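Each structure below appears as structure tokens.
Two complexes, one shared chain (chain A), two partners (chain B, chain C).
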Partner chain A sequence: MAAVTIKDVWKYYGKTLAVKELNLEIKKNEFMCLLGPSGCGKSTTLRMLAGLEFISSGDIHFDDVRVNDLPPRERDIAMVFENYALYPHKTVFENLANPLKLRKMSRSEIVERVRRAAEMLEISELLNRKPGELSGGQKQRTAIGRAIVREPKVFLFDEPIAHLDAKLRSHMRGELKHLQRRLETTTVYVTHDQLEGMSMADRIAVMHEGVLQQLGTPSEIYNHPANEFVAGFVGEPPMNFLDVRLERSNEGLSVVHPAFQLTLTDAQRHLLENGNAESDTRIGIRPDNLLIESGDGGSLDIAGSIFVTEPLGGDMLIEANLDAETRVMVKTKIREMGGPGDPCRIGFDIEKLHVFNKETGVAYF
Partner chain B sequence: MAADIAHTPDEARRDIARGARTIDYTPNAFNHQPARYYLLWLMLPAIIVLAGISLYPFFWLIYMSLHEVQLAPGKSDIWVGVDNFLRLFSDKKFASGWLTLFKYSALCLSIEVGLGVLVAVILNNSRLEKVLVTIFLMPMMMAPMVAGFLYMFLYNGTFGWYFWLLRSVGVLEGGTILGDRGWAMFAVVATDVWQWTPLIALITLAGLKRVPQDQLEAHMVDGAGEIRNFISVTLPNLYPFLLIAILLRFMDNFRFIDTILIMTGGGPANATKILPTYLFDVSFKFFELGRGAAIAFTLLLLTILLGLVLTKVFEDPARKLKTGGGG
Partner chain C sequence: MASREIVRYRSPTRGAVQAVTVIFLIVFLIWTVLPLLIMLVSSFKELLDAFQLPAVGDWGDVGVMFDFKPTGRHYVELFTEKHFATYLRNSLIASFGSAAVSVSLGAMAAYAISRAQFRGKRDLLFWIISTRMAPVVAVMVPLYVIFRSSGLVGTLPGLILAYTTFNLPFAIWILKGFFDNVPYAIEEAAQCDGCNRWQAFRLILPLVAPGIGAFIVLCVLFGWNDFLFASIIGSGGAKTLPVATAELVQPVKIQWGSIMAAGVVTTVPMMFLGLLIRRYLVAGLTMGAVRE
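So, the complex of A and B:
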């Protein structure tokens, strides 16, 4: 249970830059998620926290202790590896007991702690099995068990549930979150699955190509993405992006696209003016924030045609063409939309619009 | 009827012979090997050749050990039963040959394995691994007899470099290295160590590459230091490799006498007369081929037995880890 401070940390593998000038403060007992696509430096960051990887420059502090040069065993951390890294020759019991044994705990204490951890994770029946005789989910519980038998300062999780099937994964998301709240231990959780980040974390750090893109609560990240990358990475299905021009008109500031024209709110206009926005910009809108009606007689502004529909059970995903070059994804509750080629009308929830600088990708709002 | 379902092609054919019109043939997981006989035919030439070169001499050895072998042409061998073996019991040189062999082999093996593993670990962490491995390979490439000569010269009492070194340092007070009862054994062991440690290092190095990195890391996070990590994770993963290395070296030690024959011939005063050298003397100096065969037979028997014991000891690292790796 320690606060973790990552200050100006750089990591090079030879000449490859893996992490660039990372600054991150993780509060005591916080569940922090490092989120980003494959190869963005998440695992590298986690491994530097664990002491498995040297830091090229910068400092890492656990509370007030600088841990840069401490080996893993002196950092008092527990880590769950992506591939579980169980000891194949040891039983589940011995796997769980290993960190306690290495810390010279008494036999009775070990037995008691392993029993408690096993109960918490519902693997009490498996204690005498070897990892080779376990299912993926059971292995993963064992790996988590090995982390929670101690009371470490920090939990480090590296995509612990990435290899489970979808149903088990959603179950484990809940379990892990519950476990973390119950154990009240600072946790750093690495994943490339935005859903895991959104559903479990107190705060999310989104990374891309070794650079921290945005740090915030799940709702901040979702509702106020700092740039185009974050906006596109978080949310499923992903945000629609359209290149537009900003033009002044009688009503105020408008977004002009060959297929449509939208008038921005006053608040949005101020933000763009304060940000000295160029007239060539890019807008983003989530599929949930587009409205759609079937047929061409509706009240919505933009006429389009359906390209394809994907029923998802409760919701329906619709890809619709606005003109020959522009296609957007819409998510709706309406069940009867017609088929490909049928006309439809589409509208924007203007409050939920995002505008980005076309060059830098930085969001104005 | 379930019991009568054919599981092999043969059983299926049997059913057809009995008049079955459809073949109820479910190959099961255990004997789904329709091509067994033809595999045997393919292997037959190899088996015959192997039998020729290993089985025939083996039976010939047993035959000889039960006879007093006559060398003069025209005379036939005299049947002596187990007499050759019984005589070994009262043969002091036979007993001391065994003792010396054990001493020699144990010394060679322990030093070579210890040193070999150490060298492998150092090589594995070294940037110059490839170059160093090539250099280390050189002694191994040398014919044992050449190595024997090389060391004989190094130990030589007039111009030997090692001799000069030991004398200068003052550990060797009088006499020569190979002429001293105490030093001679270490001298031949040193030669063997010099020549064969690289082999063990090489095999161990191959093993080190296979040690799962993630387990090492997990163990480090669990709270282990470097040494603990080596003992509890690396070593158990090396067992199969060490077993091969030790088996190879131990059997070689029991058989190879080239270097010893060159360097000391078993002397001084039998200090390096390991059993195979005694066997050589009996067979090819005294030409008592029957008695030599009896000695050879005991040697063979013990080599096989010890080989089996070794395999057992190293067989299941899991079990060893459980009982030995705790605490």
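So, the complex of A and C:
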């Protein structure tokens, strides 16, 4: 159990920049999630923490110890690899027992620990099989088992449940989170699945092209994204983005779009004024924060037409045209929305609006 | 994971191919097994019986070849008067000793070359294999001089060393290929588990077992069959089976019975080696460890 400090870390593979000036403090016992799209440098960061990759420049500390030059075994970490990396010639039991054997534990202790881990991961029946005889999901669980049989200073998980089916994945999310809370082990968890990040992490570090975009709690990340990338990456279905102009009017500051016009709140106006916002900006609104009514007799402001409806079981996802060029995604509980081409009315929950600098993507709010 | 069973579909071509295969195998079997059989049978014959041959084309009379009173005299003679036990022991020590040395040094070198990236790696590899390119006779004379001044001529360590100079480059090349096929991620996992480099190396060693098995066979065979080194460097104190057998061919009285028996003694151990090592030659052990 250690606090992890990543300070000014850069990583080059030859000439390719993989991680750029990363600063990250992971607290003791914290569940930190590195979230980002494929190729953004998540695994690279994790591998530098593990000691599997040289650090081009910068420092990594576990508590007060600088670990830059320590090999993996001296860092006391347990890692789950993206590609399992099981020992193909050893049975599942031996795979799990290997880290314990290396620590010279007694046979009975090893058997007991492996049994417990296997039970939690539901692989008890597979202990005598070799990796070649397992399904992808079973391999992945074996790989997780090898990490959790012992109590390391830091857990490093690289997309540990990406290849499980949906049901098992949600089960494992709960199990891993519970395990982390129970063991109170500092954990760095890499994923490209924002749902995993949101549901498990204490804090999330969103990365993009080797650069840390935002660090915050799941709710901060979701409700106050720092920029357009984070706003678009987090949340399912993704946020709607629309190019607009800011215009002053009698009522205050308004957002003007060919299809609609919205008056911002005073608080929002202040934020924009303080940020010296250009008049050409971009707004973002989550599908959950758009309101919709079927037919054209409703009270909402904007008249639109339905493009397609996607029932999701409980909710309904609707793509609606505001005008010829503008289409938005709306999430609603209403079941009867009609079909493509039918009229509808749409409204904004203005409090939940985000405004971004069109050039830099930085959020004003 | 896909099962490794071979799917077979029936078709007329398949039948024809099968027939040709069977015929080929029969011819091949006769070609390889018959000389060995004759050697084995002759080694149990008295000299006179050995020359009882049917006339050419007289297939009905083949029986005379098998019409004899078996005797173990040649074998007894080999191991008593002719000291073949010593030569057998020398052969075993020289070939297996060299195999052991080559395989342990070779595995470590191959591992290092496979895993490390450094400048001149390709040149180093080429230099290693180039030592195998010179014909044995070309290096024989200088090698003999060196060995004699070091007191290695006529000793088993000398012979082992001589074989190793030839086996080691080969070992490095074969085993490097096998190590290249072991995903590096497995070692990374081992290191995270708490292995140091040496333990990680030992952990993946079973994964290159097919390579090691194949190599041991080749290496032992090289030493076992070698005549040139054995007769020049091993001469005297470290006489091996091929040299001893050759000495049975004397100008006046060629001892056919003993030669046949010596042939059998030389062949049988290698057959057992083949059987023993066969199960290690099964490739595909690494399948399924890492998601491709």
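The rule is simple: the second predicted complex is superposed on the first by the 357 of 365 C-alpha atoms of A that agree within 3 Å, B and C clash if a C-alpha of one lies under 4 Å from a C-alpha of the other, contacts with A are read in each partner's own complex, and residues count from 1 in each chain.
In this section, a contact is a pair of C-beta atoms (placed from the backbone, for glycine too) under 8 Å apart; a residue touches a chain by one contact, two chains touch by 3 or more.
Everything quoted here is computed from the prediction, not taken from an experiment.
Undergrad: Looking at the superposed three-chain arrangement on chain A, would you call chain B and chain C a clash or a fit?
TA: Once both complexes are aligned on chain A, chain B and chain C clash.
Undergrad: Figure out whether A:182 sits in contact with chain B (first) or chain C (second), or with both, or with neither.
TA: Touch status of A:182: no partner.
Undergrad: Going by the contact rule set out at the top, does A:132 touch chain B (first), chain C (second), both, or neither?
TA: After superposition on chain A, A:132 lies in contact with chain C alone.
Undergrad: In the overlay, answer first, second, both or neither for which of chain B and chain C A:66 touches.
TA: Neither: A:66 stays clear of chain B and chain C.
Undergrad: Looking at A:28 after the superposition, I want to know if it touches chain B, chain C, both of them or none. Which is it: first, second, both, neither?
TA: neither
Undergrad: Would you mind checking which one, chain B or chain C, touches more residues on chain A?
TA: Comparing chain B with chain C, the partner touching more chain A residues is C.
Undergrad: Could you say whether A:248 touches chain B, chain C, both of them, or neither, answering first, second, both or neither?
TA: neither
Undergrad: Is A:352 contacted by the first partner chain B, the second partner chain C, both or neither?
TA: The answer is neither, since A:352 touches no partner chain.
Undergrad: Examine A:94 and indicate which partner it touches, taking first as chain B and second as chain C; both and neither are also allowed.
TA: first
Undergrad: Quick check on the superposed pair: does A:270 touch chain B, chain C, both, or neither? Answer first, second, both or neither.
TA: Once the two structures are laid over each other on A, A:270 reaches no partner at all.
Undergrad: Give me the intersection of chain A's contacts with chain B and its contacts with chain C, in residue numbers.
TA: After superposing on chain A, chain A residues 50-52, 71-73, 77-79, 81, 83, 85-89, 98-99, 102-103, 130, 146 contact both chain B and chain C.
Undergrad: Enumerate the contact residues on chain A facing chain B in the complex.
TA: Going by the criterion above, the answer is residues 50-52, 71-73, 77-79, 81, 83, 85-90, 94, 98-99, 101-103, 130, 146.
Undergrad: Taking the touch rule as given, give the residues of chain C at its contact with chain A in the complex, in rising order.
TA: Those in contact with chain A are residues 1, 183, 185-186, 188-196, 199, 203, 206-207, 285-292.
Undergrad: Using the touch definition from the top, list the residues of chain A that touch chain C in their complex.
TA: So the residues of chain A in touch with chain C come to 50-52, 71-73, 77-79, 81-89, 98-99, 102-103, 130-134, 136, 139, 146, 156, 163.
Undergrad: Going by the contact rule set out above, which residues of chain B touch chain A in the complex?
TA: Spelled out, the residues of chain B in touch with chain A are 212, 214-215, 217-225, 228, 233, 236, 317-318, 321-322, 326-327.
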